[in-house]
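Have a look at these structures, which come just after this line.
Next come two complexes built around chain A: one with chain B, the other with chain C.
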Partner chain A sequence: MRDFRAAATIPLRQRLWNPEARLAYLLLAPAVILLLGFMIYPVVYVFLISLFRTNKLAQLKEFAGLKNFVYQFTDKEFWQITARSLYWTAIAVAVKAVLGMIVALLLNVKYAGRKVARMLFIVPWASAVPISSILWRWVYHPEYGLLNATLKATGLWANPPTWLGMPLPAFTACIWVDIWIGIPFMALVFLAGMQAISEDLYESASLDGVNGLQKFFYITLPGIRHLVLIATLLSCLWTFNDFNTIYILTRGGPAGATDILITKLYKNAFEFLKFSPAAVMAVVTFFILTGLAIAYARIYFRQEQGQ
Partner chain B sequence: MKWRNRGKPLAVILTVVLLVVLLFPFFVMISSMLKSAEEVYTNPAYWIPKSWQFSNLIRLWTEFQFATYFKSSVIISVGSMLLNTLLTVPAAYAVARLRFVGRGMILYLFLVIQMFSPVIVVISLFKVVASLRLLDTYLSLILANAVFTIAFTTWMMNGYFRSIPKEIEEAALIDGCSRVQTITRIMLPIAVPGLVTTMIYSFIAAWNEFLFGLTFIQSKQKMPLVLGLYNFVGRWTTQWELLNAAAFVALIPVLVLFYIIEKRLVAGLAGGAVKA
Partner chain C sequence: MRKRILWILVLVLLLAGGLVWAQKAKVTFFWALYDGLTEEYRASLQDAFMAANPSIDVDIVPIQWDLMQEKMTTSVAGGQPPELCVIGTRWLLDLMSTDSVLEVDKVVSKKTLDNIAAGAMEAKIQGKLMGLPIAAGARIMTVNNDITRVVPKTMEELRAEAKRVSKPPQTYGLIMPGKKHTELTDFCYYLYAAGGDYFAKNADGSWGKAVFNNPAGVKALQFMVDMATKDKITQEGYLGLTRMDSHPIFYEGRAAYVMIGAWVESAMKQANSKFKAQYVQIPPFAGQKPASLIITDSIAIFKKARYTKEAGQFLDFFYQDQWKAKFDELVGFPPVTVSAAKLPQFQSPLYQALGQAAMTAKGWPLIEEWAEVSDIIWDANVKAFLGQMSPKAALDEAAAKVNRARGM
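On to the complex of A and B.
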């Protein structure tokens, strides 16, 4: 409070322009300039493209107002892809959270070798996503892949589908790889939260005759509530954004069955050279992702201030 | 307590089952990279190679241009790591220690743009890169990767700088050190663990990057590993035994590095509630 009053009495010019502030601007300048040039300006420009007709070199030709948007918003395929992006994200994040919780609970049990187990559980996250996707493509291979061979040989599934060749199996195969990449992060965040909960709580609950399931719902889950929220938001951002997995596994195929907004927008731009539709999708994606990012930033910031 | 005693073996069994499922593609990788070409293309596929072809791990360097891709990846990753560090350290120091108008705003903005999607900007970034005549150069990827990690690394570094007591720095300033000297001689040495974390993070991010490479790089000589591997899949007779061996070798550096920063990374992403 005292700081604030003191600051208020100093003229604005002096607050903006004093030796300490000048040094700060100087130190921030290189990062900010590059961010402006390579991140902010491209975002602004993509908004511009979305308002113009463009040629195959992505040059702005004539102002089109909202026509590009109207065109997309009246296209059935656009809504199909948008809906798919949303349920792709919802399903994947939900499954990641549930499986991540199971892994976290398992890692929270004390036994010899849990450190090794923890290391092994992290591998799918530590691995490079594009390389993992290539590996999975080989795993799913219809003739020589070991997944179907193993399913058949063990009798778990006598007649497994051609994973990446049919619409529904391809979607399932892609979303599984995305889930598989995302489980470890969820698990690690939840585990960190669980380990911060005091043992005393569980012990006194035991004395009162509370069973394991009740402990989970009345002690563990409320205790890590905040972390669940923050991990879920982050995971939504990453999942909505998961270009690599889909592009490498199926390129959005077969017949567009696995296209989500970001793969479609990339293909629109760099395969079909339709830049205005691509820009419209980029703008829509931008608003969805920025909404999520702001929600995440708010919670994160509040947490930091509370420290 | 009773539950715990009964639960422990159950937990171990469940852990093993889950690990077998989750590590499945890596088991496949190890099996396939040790097979011969004919064995890889056998239907039905089987797990144990009949003749162990450890030579795949060598052939890959000669037949698959692995060395070229590896070199490109090292140049791009080290380059963007260094550039990122050069930009991050001063920026993080400014937001952690100096008072200026808009400080909170910058921190908040960085937190939001750290989540920016490369796919959204890649259309216009392509034009920027083209107009700078940087298409098909290492520099395009070094710049793009460094810029897209700045926000997150600045946030992490800001946290490390802030955890250093102000008194240490003030003492140095009183003793006649300049600001720059306090950064390089006092703050950075104390913040080495943080510095290592952000450097490794930006290295890994560049090593694993696919989208910018796919868009900016045309010539094989300049392709990073990830892109080289991807192009290899597209061919009509993919040598999967070599591809799996290449994936194995390409993953080793990132796996090792990732384990060094894993805990700090989780703490950085999830915020103050998680301790590194």
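On to the complex of A and C.
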């Protein structure tokens, strides 16, 4: 306590600029410079681009105020794409969470070959997303694809759709690939949480005559609640920005039916060289994801305080 | 101690400065990976130039065509452009608007330029040659003679014959990609064959408002939709197949006709095609004159690059018949140099057909927003194929979007 009082009497300048503080600044400097150069500067520049007219090289040319935003916000297609981005994320994350939970429960049961099963489950997540997406593009190929060939050969579906060529099948096909890639992450995180729950709880519950479903809802789920929150938040951020899957499978087609903000943003910036609309989309994405992260953080910390 | 540190610093700076000064000139070339082009050729060109010019290094960087524009844009925007880059000639307008490209005749020798065919100089804009043509090819039609020997004189005849021979899924009448790919070639074949165009021509020669939704455009798209959905003579799952996905079906010998470019022969060779192919003109609609599409690519030289003079030396080397003719042969494009065009390997039926097509072919409209325009029209095509809109409604909607995007 005395130390704090003594520190408070030292002038601010001396507190911030003494040999110890200087060493701290020196040690922090590389990280701060990297952060400023590679994270803060691009974000600030994107905000600036959204307020300016630019040339084809993204150089600022003329201040436009909110005109770029107004142009986008009065475009029906922009709202369709934003809505699609939201339900793309909601559906994909929900399915990943449910299937991830089921897989985690299966991997948590003791049986021979469990380690091999765990390793195999990681494969989709451990593979590079572009490679997985290219593989799935071949699976969906209407002429030589494994999926349609199997559906026809087994008689399950005599006339399967052109998966990547029609709006609903294309959206379903894309979202399935995103889910397929994302399940292992969810499963592994949930599994890690499940393994940290004491066996004693399950044993005493069994003695009390609690069934499996009740154990899941009253022991497992509350025990991994925090991990579920964090994993779904991270998954939301990644899924909302899942460019690779959609771009490789459909490039946002057919007729824009699978375009989400990130793919449209890319097209505007790097195919049409229209950087201002792309920046507006990036800003909107930034606010949506920041809002999501804040909401999650509030829920998380409220729960922490409640404990 | 301080003095010693200072001396060391000065020495390091001098050494670094000396190293920079003594560094060899290095020409970086963003090299498009055309079908048929081999790694062996790229490496041998690079090595041969450096052996002939020991004071210059050249780095030929192979890049997928689909990624080229992005790679080039980010390099230029980042202030680190390559000396040379293969571009779609239509990109030049964007590059010129940012004053990024150098006039070719400032660094390439007169001898090389005099050897380029005048018809290939699409990159001559406002009297200045802003790109050196690397490839120029009109589109033609290839017929699988094992399926049919009929060479249609009109689109209507083509449709009738394709319908006659089509026995899906073993044999298709015609290959028609229905999934968006880099170029809007397919709609263009039918639009030009119907006597249509993309934009009205203003009095000053510039391109005005969209006209691809006029009767010629609607006729073209309706024709495509009918062949695909009513006659069902195109390859199965055409909506999910791009040009790259669908052309192999033709190379396999399972389709009677395909509208394609100069690479057809080398691609068929690579695919080990067994059937007899005949190269003919894309037919016009009845009552129209033949009009194919011609596409040119160029090499741009970037103003802000460090070694533009050396880049010019490299181009002079590359455009000798020994190298350029071999390049043309590999990628299958008709030569853009006068001397190579006389070589025996370019007198085959394929090159004769390409030469004939070039006589009446039209290029893309040179406008800055072409990439976006092309994307919008592709979407209109797909909406019509899917039956979401009639061809007329889809093209009208697209025309309105295009005019808005171009600020008209």
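In the analysis below, the second predicted complex is superposed on the first by the 280 of 307 C-alpha atoms of A that agree within 3 Å, B and C clash if a C-alpha of one lies under 4 Å from a C-alpha of the other, contacts with A are read in each partner's own complex, and residues count from 1 in each chain.
Just so it is clear, a residue touches a chain if its C-beta (ideal position, glycine included) is under 8 Å from a C-beta of that chain, and two chains touch if they have at least 3 such contacts.
From a predicted model like this one, the values you see are computed outputs, not experimental measurements.
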*asked:* I'd like to know which partner A:165 touches here: chain B for first, chain C for second, both or neither.
replied: second
*Scan A:58 for contacts with chain B and chain C and give back first, second, both or neither.*
both
*Looking at the overlay, does A:205 come into contact with chain B only (first), chain C only (second), both, or neither?*
neither
*A:221 contacts which: chain B (first), chain C (second), both, neither?*
neither
*asked:* One more residue to check, A:91. First (chain B), second (chain C), both or neither?
replied: neither
_Under the stated touch criterion, which partner chain does A:272 make contact with: chain B (first), chain C (second), both, or neither?_
second
_Residue contacts on chain A - larger count, chain B or chain C_ = B
*State whether A:255 touches chain B only (first), chain C only (second), both chains, or neither.*
second
*Can you list the residues of chain A that touch chain B in one structure and chain C in the other?*
58, 141, 143, 270
*Mind pulling up the chain A residues that touch chain C in the complex?*
55-59, 140-143, 148, 162-167, 251, 253-256, 267, 270-274
*Complex interface listing, chain B residues touching chain A*: 1, 3-4, 7-8, 11-12, 14-15, 18-19, 22-26, 28-29, 31-32, 40-47, 86-88, 90-91, 93-95, 98-101, 103, 106-108, 111-128, 143-144, 146-148, 150-151, 154, 179, 207-208, 210-211, 215, 226, 229-230, 233, 240, 243-244, 247, 250-251, 254-255, 258-259, 262, 266-267, 269-275
*asked:* Per the contact definition, I'd like the list of chain C residues that touch chain A in the complex.
replied: 69-70, 73-74, 76-77, 94-95, 97-98, 100, 178-180, 235-241, 245, 249, 368-369, 371-372, 375, 378-380, 382-383, 386, 388
*Across the complex, what residues on chain A touch chain B?*
15-16, 20-21, 23-25, 27-28, 30-32, 34-35, 37-43, 45-46, 49, 58, 102-103, 106-107, 109, 111, 113, 117, 119-132, 134-139, 141, 143-147, 149-150, 152-153, 180, 183, 185, 188-189, 192-193, 196, 206, 211-212, 226-227, 230-231, 234, 237, 241, 243-244, 248, 262, 265-266, 269-270, 275, 278-279, 282, 285-286, 289-290, 292-294, 296-297, 299-301, 303-304, 306-307
